[in-house]
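So the structure is just underneath, and the comments pick up after that.
All chains are identified by letter, namely A, B, C and D, in their written order; residue positions are counted from 1 within each chain.
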């Protein structure tokens, strides 16, 4: 019983992170048509920011988190302006540019942190929430899941209730039609990657106190985000969130009750199955005929 | 020791590392190919390191090069070493293979044929396997940190320092002696062969010999973002001892043990980042955590126990230049370098074959923690690994301290069969 | 027996019915016009015939045999070839290579013959056919130009040439006159007649009523996915229902 | 036209002669470098054949692994001669590709890219998890070298000539395929698939065919690699390696046969030249990639044309 309850809570915490990773990737792909391979590295930069600002320079956690988000958002916006915008008609070029950024950010992390063991950040919210014999959750994790949900809620509000959000969704549906309707592609793309970067930075900053920080931590992020994106449906943000939570449940429970290796394999197999049966994903938009 | 994280970071940046490395790189790029002018009277012997210096294996390569450079600089400053009738300065030649087999082959040949090195130090695994045929044919003295690379055909491949993961038996033996009430153990490890499964087999055997039941073994990939589910799963088996067989993820795993209320004993292969662990959990929780790798400023590293010159001075020098980059390989490669010097002096030659013969002829070869014995035929078909004593380290009051030295060799003499059984159970190669 | 027989054809997209129980037939040697206001289902009809869509109900018979639900390349293999609404060519290939692709059915080969050059005779035949259709469509002089460099009229002619290269029995032309000036339209009409004279049955979807009326003896009119009427140009022009349908759709005859 | 062809033939012949003379004049470790580089040339050229149909896959390097494992297992465990196991490696990679094409080609474009990645990663994980017969993460060691008379194929120069011969033959075949009817049809499938289908091209069949051919040749490349290295591990065929194939092809340019070759050669040599920068090296590589994409959007293959144009203009003035 304890393992079961513990796994349910673990799944939701994981689901929160998976959502933050995937939604950013989906948004950029939907709006800009670019596969941003450096997305995982953006998360990594978020985590390193916390290590530098909070753990090394002693800045309190919350301001450090805000600065991490700001920094990664800025990197994202710069990527859009100087690397993706000139390559709008050349998705393969955009892809290579994102790989270039990936290499550069990994080396930057290496320069900042050095070789040697992965970096660790002591959790600012210490202590554990305990119901004896039932459940134990560190406050740090409760904080992370609360912030993730709040951020996703805010994004949902932005996308469905504001004009800018509406233009973002219109672009994701059909870029050419959106342009014809007078939506400013440059501005919308910049907002898309800004939001994507903010979510990545937030995810990294929230993860920093609970994980090992190293220059290659983005690898796992991008692969998980791909799986979630495909299962959820490439054009669909709500699909991404749903798929993230489902995938987190699958991964957590298979890991807890069978093994982590089986969990990874089953994730890939489910992704292949979804691609075969319904290439547009569980919540993907229908391809118009 | 003042390894506070803040000082570590500021140090790095006060040295303008980025600019420095870049300029050094440019300089090297410009001068590559020009003949090197040496001192006329002192001869130079070059030793090679074919190791990962970039990529995710870099922490098991680069710190070793730094360590060797410190030791070599010390030796050279003291006038070099006398081998035979000549005095030699030691020079390190390195090649970054990034844990890639193709590059490993190129690096090995560059070091041997172009840099004329007399020994090549390597990490182990597939990067060693890909150079074995050529290295053995050229009779090139090669070292690995993983004795499991040894096969009946690898006459010129030796493991003189870290006998990963054989030393783990000492920690378990010590724990069982100190805490006889411990009856069950759970093991967590990575699912690769070279590091994870070898280590899991060793721990399985050590626990069996110590009379502790292993209730669960969890093999996980290198892609784990969150250890909560794995730790929950293992703790649901209620083990008295929680054992971490590989070192990549010790901190997040112990953090989970802390949050999930684990009350038993923790054993780990390494715990280089125990200060981080304390920061993430509590001093009380980590008290008594047992592992195998001492800090080099440990007062128990006395000259009679440890065959390493001025360990504390080495530790200080390393942390001055490379703060925050310490890993066990930082002293392991230098230790091999010292083994080589001893053997070369005994042989009176720097050439690989006589040095190897001198090494093998020594019935109690130098080993970091006191003299050892050549061993390995029982397991891999060739006695090319040096095993001897190994320290058991535990955390006392927030510091890693050597508790005692125990003999890996004695354990193997009595229990090699048990180890072999557990290796075979995990499909690991034995003779 | 008619060459093409459409029998009670229905096509749904989700809840939308694009074609509803449509039946008509085309005789050998005809030039048939298929007209109707926007959204009447003309293009959907073409895509069903050519195998790009599978009908929801009903049947499509070619020479009395059903071709319903076959893949586009199989239907092409039976001699039904379509051209596309907007000019669709292999833009990066030369005019001659475009025509050569059209010869696919006679020139296809296996990998071993291709590498060893054992299919020389076939490829020579294909090149000859490609040259012939270019000659036929008056494109011989432009054979080494890139398709993307051609003027509109020649692009349309090339599209027909690609189709002809596969020696079709039935050619489905989707708006071949769209965007053309009167001179280009006249030339294209001549070419269409010439194709028809060479023994190819033609069905064309077109908005240019002048061209349709000038080319076809029989015209089929669709409206809102149903068959409105069929008849000669004269009858269609005077049909009240057709006029009303087009007025509703904002067009004038 | 004829003169152009003559220059091509002459250029290729000159290059071949240069390659035959080259290894004796190289540093030792560069001899190994050109062996792997030559093998990588086959990897990128076969990958380009696949991209002719407009589909970009991430499974190519895993198919190389299929060939590598096949040849390793056949020659080591079953005692099959290496001369036979190398072509069989191609056959098995082709057969696996044929099987995979059923699920994979239900997808196109981005879905295909990601789907091919997932399938490839699943295969690679199978090599990690099935210790028998694949050897798990440490793979298979002591794989035999080819044997012929008294030639020592463990030495780089003889092995280089073997690789050069096999790769040249493979490139010749690939070149012929591209310039044959089949190549033309592959182009057609790429640019306007519905138009190709409407004249009777079975687009699915040609996509599959391209995938199988590409896999056969990359399987041979994999076999060539393992019989020199003597070992094979799943690590060698990870997505990290695939990323480099993508980079070589895109930066080199994929509109001509020689673009990807140029990409592989130039970028590999540059990477080697940056060794002195040690840990900073990947970042320099990253900057280089971005610069190439921004300033040479049509790839390295456009450079000779650019020079020719300039030269021509100069002489015209």
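In this text, contacts are C-beta pairs under 8 Å (C-beta built on N, C-alpha and C of every residue); 3 or more make two chains touch, one makes a residue touch a chain.
What you see is a predicted model; the values in this text were computed from it and never measured.
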Seminar exercise, completed: Nearest to the mean of all protein Cα atoms is the Cα centre of chain D
Exercise. Which one of the chains is farthest from subunit A, going by Cα centres?
Worked result: C
Exercise. Between subunit A and subunit C, what is the gap in Å from one C-alpha centre to the other?
Worked result: 48
Seminar exercise, completed: Averaging C-alpha coordinates per chain, one finds the centres of subunit A and subunit D separated by a number of Å equal to 33
Problem set entry | Between subunit B and subunit C, centroid-to-centroid distance (C-alpha), Å | 74
Problem set entry | Centroid distance [mean C-alpha coordinates] between subunit D and subunit B, Å | 37
Exercise. Hey, what residues on subunit B touch two or more of the other chains?
Worked result: 18, 21, 53-54, 58, 62, 191
Problem set entry | Residues of subunit D whose C-beta touches two or more other chains | 129, 279-282
Exercise. Considering the complex alone, what residue numbers of subunit D touch subunit C?
Worked result: 173, 176-177, 180-182, 184-185, 187-188, 191-192, 194-203, 209, 213
Problem set entry | subunit A-touching residues of subunit B, taken from the complex the two chains share | 5-6, 8-10, 12, 17-18, 21, 53-56, 58-59, 62-63, 191, 218-221, 223-226, 228-230, 232-233, 236, 248-249, 251-252, 255, 258-261, 272-273, 276-277, 279-280, 322-327
Problem set entry | subunit C residues within the subunit D interface of the complex | 50, 52, 71-73, 76-77, 81-84, 88-93, 97, 100-102, 104-105, 107-109, 111, 114-115, 117, 119, 122-123, 126, 162-163, 165-166
Seminar exercise, completed: Note: in the complex, subunit B contacts subunit D through residues 18, 21-22, 24-29, 32, 53-54, 58, 62, 96, 99-102, 105-107, 109-110, 113-114, 125-126, 129-130, 132-134, 137, 151, 153, 191-194, 197, 427
Problem set entry | Residues of subunit D touching subunit B in the complex | 27-33, 36, 128-129, 131-132, 135-139, 141-142, 145, 154, 156, 225, 228-231, 233, 235-236, 273-282
